[in-house]
């Protein structure tokens, strides 16, 4: 399956639209255990990315992803800015001068992104963060691929795992980030970052499904 | 009819109780066209008077009324403090060394009190103040007496006139005091000071009725 | 009613005790009658400034007691002017022998209580002069009102008059300068929310979630009109328009701008208000050479703002810049 | 949502523009990226202090930029830490050649953004040191949290660290003093009402008319527990108890007490709070030799208060007393 630079730009465009659409919901989730800005932060950041997309047309995928990461870092702030920013930067570093991605590149990209998030935020699974969505998603992607599933099928598996991971943050006690300040009271609330991470995986799946449907 | 210094002290005691009882109501009236403190102010002042009453036992009526006026001036503040304070001071000045009052003394006392209020506040009838209760009350008292009515009957007439005067402040445009700041918006609200003035006349009537009933 | 208090009966004294403890270097606080004097009072040979009014406007007046501003402040009950006993005692305590100036906001109660105190002080041989502050353009000064309310100008009169007294000017001069400041100042305020008088226990007036009150005073009195909520730009346009047209302030005028918070409005909003005011003055060619942005004359926890503009000249600017050292205003020392 | 703003998108910049206009003698404000520097920056040969954080805490941090305190402040979006670009630009703008100290409140976002900026600045050859402020006893410092939040101590660190830098101390010394202040400071806060993040448009949490929230932060985060409304005495007892026991502060200690308002609480209530604190410290034999009472680190229009206590010694007291000249704190000049 051919994933081109144009596809990546289209993915970022769709992702930005999704963040704007879900902005209020993400901020709502950030209220009981945070400071009510997660949706606003990401919408601000991805809107800035959209502004940059035209000048990225024709550029290689590495440049596109690194630019996205830098734009997020420069416009989001808060925790999610450096975290998602680093994620896109790390993924971008893998694809300098690449205008197309092969099936296996997605997995390595997501792994690099997660590694970047964990380096930056020093959190592990089970601390009620975006990691609890991304890590199981990547696991599912890998095992599906290992079992011979095609990329779209594998990403569908990953999306299911991401959703479960996101929901699994509800009963968790937050031990990282702002949610940890409310202690026991963090239990029973879905983590906003785990939710925005799930949206990213969903948009990714939708993008690959489109590409596949067009291809066939 | 014999009005003794003990009667005056009993009147002040009852008046203080009435002001405490009507405190919330008077403050309520002071909210839409004032600053929500009239009841609090008068309760504070008359409570201070009550504290002073024991040491006034046995004193002459002039001293009792002057002490009351000074205590009001020293404890109320706002507009009503100097106004009611001056009223009692002026009445008191009439009765130095007097331990008993005759029927006609009440009228001169009320006239002196009103004159004091008008001197202090520089207001006239029809400006939506306590004057609009007191002035018609005094008129009614005088004409009833002139027509030969006994004191109790005359004070009953005065009370009716006082109530009408108080209610007449509702449609009035305030041109003195805090209520004048809201301009046209003062129309439609009963004046708090006109209401406290009515309470004073009512307590006065009750006191005289008691004296009369005991006497007969 | 949500307040950090112990009881409506004790709150004024609890706060005064707190001020006394926090600012023992600047002020002394007396009780029964209650008043606040600068620590070095009486200052012999200096004209003394005494002001006062209801409590609930903090830092006014007690926060302005100190070198270069007030010699004494008399705090009454919440929104209730002080009684003559307080004013008389404060006047005697700060009398430096060359006269005492009473700075009185134009409210019937304040006028009458200061008047009675002045009569008593004069009877005791103290030279008393008074200035009446009446800068609120929300009230028409006509036969149909008790005259304009004293609001924001009070802070400016106390600062500038205090500097004049500190400079050794005689009573008549200090009075002249205070009256000059009052005459050259105009103010108007608005509220986003009402306030709750502690003893009353509920808001003095009710405002809907999308309503605001224009032309409010500093006692939670309702204002002149109720309007739908608007942007900071529109609100400032309304207030500034009324203030500028009233004096009127003219192109080329040098002006001191005082953006005041009503007590419940955070500083970030006051700077937004100031920014809108700056834009308006630019277009009108009015030069804002001095400013004061903060909550200095409040109405308990009311959310809202008031604009106060003072037309400056060299005399007033120099006195404004003069050193002041009080709990709420300090510079040049 | 009742606020004096034009729009959630423009409010931070509108306020910064207002500050720039109001305090052109003290500060310069830059946009894209947004940061505030003292008017005479860079001060050659002086260690520079740079702080920053989300907006909505005014006067923190921009109101503390000036002689004797911060060299630069980086205001992020409301309650959102600034981005590295702002911090890097501010760091470069104030670098006096002898090192820049980043004062960072302990929040994941602030830590990460300052960290990234520091890496970039160091890559450009600027000497950078950082201090993390974490004085909030409402949060347990354990494996189960991101550590304690930085709250009231921030103001004290910025003042005292700023005085150390102004006195010409080298980077390592200024850092030592800032860490000493942070280590000797403890705070705890409470809220009577929530606050509304403008972009969110509704209160971050809901409090009943008879409820209060204990252990809140400065971002409208809910606190540790919700209790029925209590008297000022009881509330201060709760907060002071937690703060005093934590360091712990002991009989005979000399202490600086900082009673802070959360933004919507009027000054009169803060003095009542201070008065209760004084009573408690008296009974415990703790000597309050310095104090600061006012709204200096706020959470938008939240009503509430926080107590911050700093154990003083001669070094810290002298640096606290040193001259400071900023929009929000001025003395000795």
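By written order: A, B, C and D. Residues from 1 in each chain.
What we mean here is this: a residue touches a chain if its C-beta (ideal position, glycine included) is under 8 Å from a C-beta of that chain, and two chains touch if they have at least 3 such contacts.
Since the structure is predicted, the reported quantities are computational estimates derived from the model, not experimental observations.
Undergrad: In the chain contact graph, what is the shortest path length, in steps, from chain A to chain C?
TA: The distance in steps between these two chains is 2.
Undergrad: If you average the Cα atoms per chain, which one ends up farthest from chain C?
TA: Looking at centroid distances, A is the chain farthest away.
Undergrad: How far is the middle of chain A from the middle of chain D, if each middle is the mean of its Cα atoms, in Å?
TA: 33
Undergrad: Could you please state the distance in Å, as a whole number, between where the Cα atoms of chain B are centred and where those of chain D are centred?
TA: Centre-to-centre distance between chain B and chain D: 55 Å.
Undergrad: So the centre of each chain is just the mean of its C-alpha atoms; given that, what is the distance between chain C and chain D in Å?
TA: Centres of chain C and chain D (C-alpha means) sit 29 Å apart.
Undergrad: How would one label the connectivity among the chains shown: line, ring, star, complete, or other?
TA: line
Undergrad: Can you work out from the touch definition every pair of chains that touches here?
TA: Applying the touch criterion to every chain pair yields A-D, B-C, C-D.
Undergrad: Where on chain C is chain D touching in the complex?
TA: The touching residues are 2-7, 11, 14-19, 21-22, 55-56, 58-59, 63, 192-193, 209, 212, 229, 231-233, 235, 263-276, 278, 288, 291, 293, 295, 298, 300-301, 303-305, 330-333.
Undergrad: If you look only at chain A, which of its residues touch chain D in the complex?
TA: So the residues of chain A in touch with chain D come to 27-28, 31-37, 40-41, 44, 73-83, 120-121, 173, 175-178, 180-183, 185.
Undergrad: Which bits of chain C are touching chain B when the two form their complex?
TA: 54, 76-85, 107-109, 112-113, 115-116, 138-140, 143-146, 149, 197, 199-200, 204-205, 217, 219-224
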